[in-house]
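The structure is given below, and queries will be raised subsequently.
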Amino acid sequence: MKALKVIALPAVLFAGWWVLSAGSKDFYRPPLRTILVAFADTWFGARIADDVLPSLARLGAGYAVALVLGIAAGVVIGRHPAVRETVEPVLEFLRAVPPPVLVPILILVAGIGDLMKVLVIVSGCVWPILLNTVEGVRAVDGVLADTCAVYRVPPVRRMVLRAASPQIVTGARQALSIGVILMVISEMFAARSGLGFTVVQFQRGFQIPEMWSGVLLLGLIGVALAALFRLVERSVLRWYHGQRAAEKQH
Amino acid sequence: MLEVNGLRKVYDGHGRRVEALADLTFKLDDGEFVCLVGPSGCGKTTLLRCVAGLLRPTAGEVRVAGRLVTGPPDGLAVVFQEYGRSLFPWLRVHENVGLPLSGPRKPGLGKEALAAVGLAEARDAYPWQLSGGMQQRVAIARAIAFEPKVLLMDEPFAAVDAQTRADLEDLIREVWRRLGVTLLFVTHDIDEAVYLGQRVIVLSASPTTILDTLDVDLPAGRDQLTTRAAPRFTQLRGRVYTHIQQARTS
Amino acid sequence: MRGLLGAAGFVALLEAAPRLGLVPAAYLPPASRIAAALGEEVRHGTFWVALLDTLQTWAYGLAVAVVCGVAAGMLIGSVPLLRVLTSSTVEFLRPIPSVALIPLAVLLYGTGRTATLLLVVYASFWQVLVQVLHGVADVDPVARDTAHSLRLSPWQRLRTLVWPTALPYTVTGIRLATSVALILTITGELIIGTPGLGKEIAVAQSSGAVPAMYALVVVTGLLGVAVNLATRSGERRLLRWHPSQRVAV
């Protein structure tokens, strides 16, 4: 019964799209059947290795670097009030710069190769991670800090990172969706390969079913990454959700 | 074992000077069980944090086993009032107890300590799955497993119900007798102070000084029914009560 | 005070790094040259037209997203069956990156404002919807039962019970949507070429006007700061009276 409720609406929507578009003669809105055929033809071949995987690899590299940088800097800033007060306005500004405008700047610095794209992802993803880490570290319970001091427990490694993990995860989630956007944009703006590049090529070449299939693929990647993230979050924050649920009961 | 000489603490903040501790001098012999009792808001926690090396005194000094305290000293454990916040919610009970330990004796010490507080069964639970009293037992087990020479307890039973409190008081007496640890127990509960300690130090309201020190000449084997009903208990409790009333009104 | 010092240090660093040759001035012009370029920009009408275009696209998109998000959220949230049926679809559609729609938007709407609006609305709609859904779900069950036993009409229930509970969440959603909408507005202008600051940045970049490009980027940053500060203070003012004023996620 529950499964039915989960798939009911998506099934209706899918069927509706299929049926309504079936006889479509509109050049820009091809039948869903055509799009799905194009999807298989376009993406189940060399393009996976040539375009999809390199894009995802750049996303992974940039995201990983942003995680390390953001968490490390966030811990330092969060633990030292003087540092935080000094850098706060600058961080406010840097965070407010819309990440996509970094693309033209970084093209200037790093050309249009892999390095530029990874740098774009890093410099867009790092802020939500950093700022959330700062908040999380600042909010660490003083009693936990005292406990670490008394019992000789190394505070940063054993306590601060774990105690701040709910906020760090929130930042990492925001960063992931920014990262996907930047992965696509950096390739749309200037590139010779990659997912974003290919999709825009299809659009410019009026390969309409292929373009629709690319949009579909980008959507699926976004959904898959979000699902993957939830999986990781569930294991990292199991204690946190359990604790919250326990508190609610009392 | 524990010496406090001319201890004074003044908080300086926002142009307002608050003198928490005026001038405190007292001493605990090796293996002694002393209770500090005073009206609420009398700087008990400040005193305890100075003794634990978590707070720097404005003047005076603390020595543990002859050594000057500048940071948390070796061989000193603390059981905090906020049991819920001093346990690491992302670690299971036995991991919390074993956290400060290392080396080959770690598993054995943890197991013994949990058995000593009657929580051998709960070793794999998370702290937030336990009742308040059980959480405080975990904190006590962690302190025991640390094998301290000096154990500080900051109103450890202030937040648990009366029955649990009586059980925990007897548990602490037993732990103290078995381990021969030097124990400084802070409380605002006069009955608890007299019931537990060999000696009771009565503190004044803030800025804190020592009003009185009395030896509790009750038999070493105490229990909730007979000890609390003994005429000598009532007498001692009356004397402490009078002091604290005076401290409040003056 | 320290913050001022930090900001001054940041500007000084931007000035000194290219002047000392730590980074090539062709990539990162000294802060003074960026400032001069900014001074040049603000004297031209094109800059103000672009700024106005950006603000308009942003405001239209945000308005549509907020109205649709609140309406859909209230409706879906208040009808349990709808809530159950739509949750998987919402969970599926929400993480679709809005920029995936760029080729589609260009194809269907060309490079005009509508194309960018599609991105802006799509991205910010979910921010509002999800928060409103959280808010409606947060209504106290006891209060809900009370409302039923008092035989309040659905409209009265919505006004006196659901709306006040959902308000703080809604405001949070609007705050999040506000900055997302700004980002997507400028993204659309940059990539699609809809008139606005983003397009000006792309033009400056392709014509090699490096200081002007940095000046425009600084403007978008300042715009972002202004929007963040305004929404945060608006949120505080609006919810000061609210008993459930909570730390926003």
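In order of appearance the chains are A, B and C, and numbering begins at 1 in each one.
The rule is short, and it goes like this: a residue touches a chain if its C-beta (ideal position, glycine included) is under 8 Å from a C-beta of that chain, and two chains touch if they have at least 3 such contacts.
Only a predicted model underlies this, so the values are computations on that prediction, with no experimental measurement involved.
If you draw each protein chain as a dot and join the dots that touch, you get a simple line with two loose ends.
The most centrally placed chain, judged by C-alpha centroids, is A.
Most remote chain with respect to chain B, judged by CA-atom centres, is C. One finds 48 Å separating the Cα centroids of chain A and chain B. We define each chain's centre as the mean of its Cα atoms; on that basis chain B and chain C are separated by 52 Å. For the pair chain A and chain C, the distance between mean C-alpha positions equals 17 Å.
Chain B contributes residues 49, 52-54, 71-72, 76-78, 80, 82, 85-86, 88-91, 99-100, 126, 128-129, 142, 146 to its touches with chain A in the complex.
For chain A in complex with chain C, the touching residues are 5-10, 13, 28, 82, 85-90, 92-101, 103-105, 107-109, 170, 177, 180-181, 184-185, 188-189, 196, 199-200, 202-203, 208, 211-212, 214-215, 218-219, 221-223, 225-226. The touching residues of chain C, counted against chain A in their complex, run 1-7, 9-10, 26-28, 84-89, 92, 94-104, 106-108, 179, 182-183, 186-187, 190-191, 198, 201-202, 204-205, 210, 213-214, 216-217, 220-225, 227-228, 249.
Residues 141, 143-144, 146-147, 149-153, 158-159, 162, 165, 239-240, 242-243, 246-247 of chain A are the ones touching chain B in the complex.
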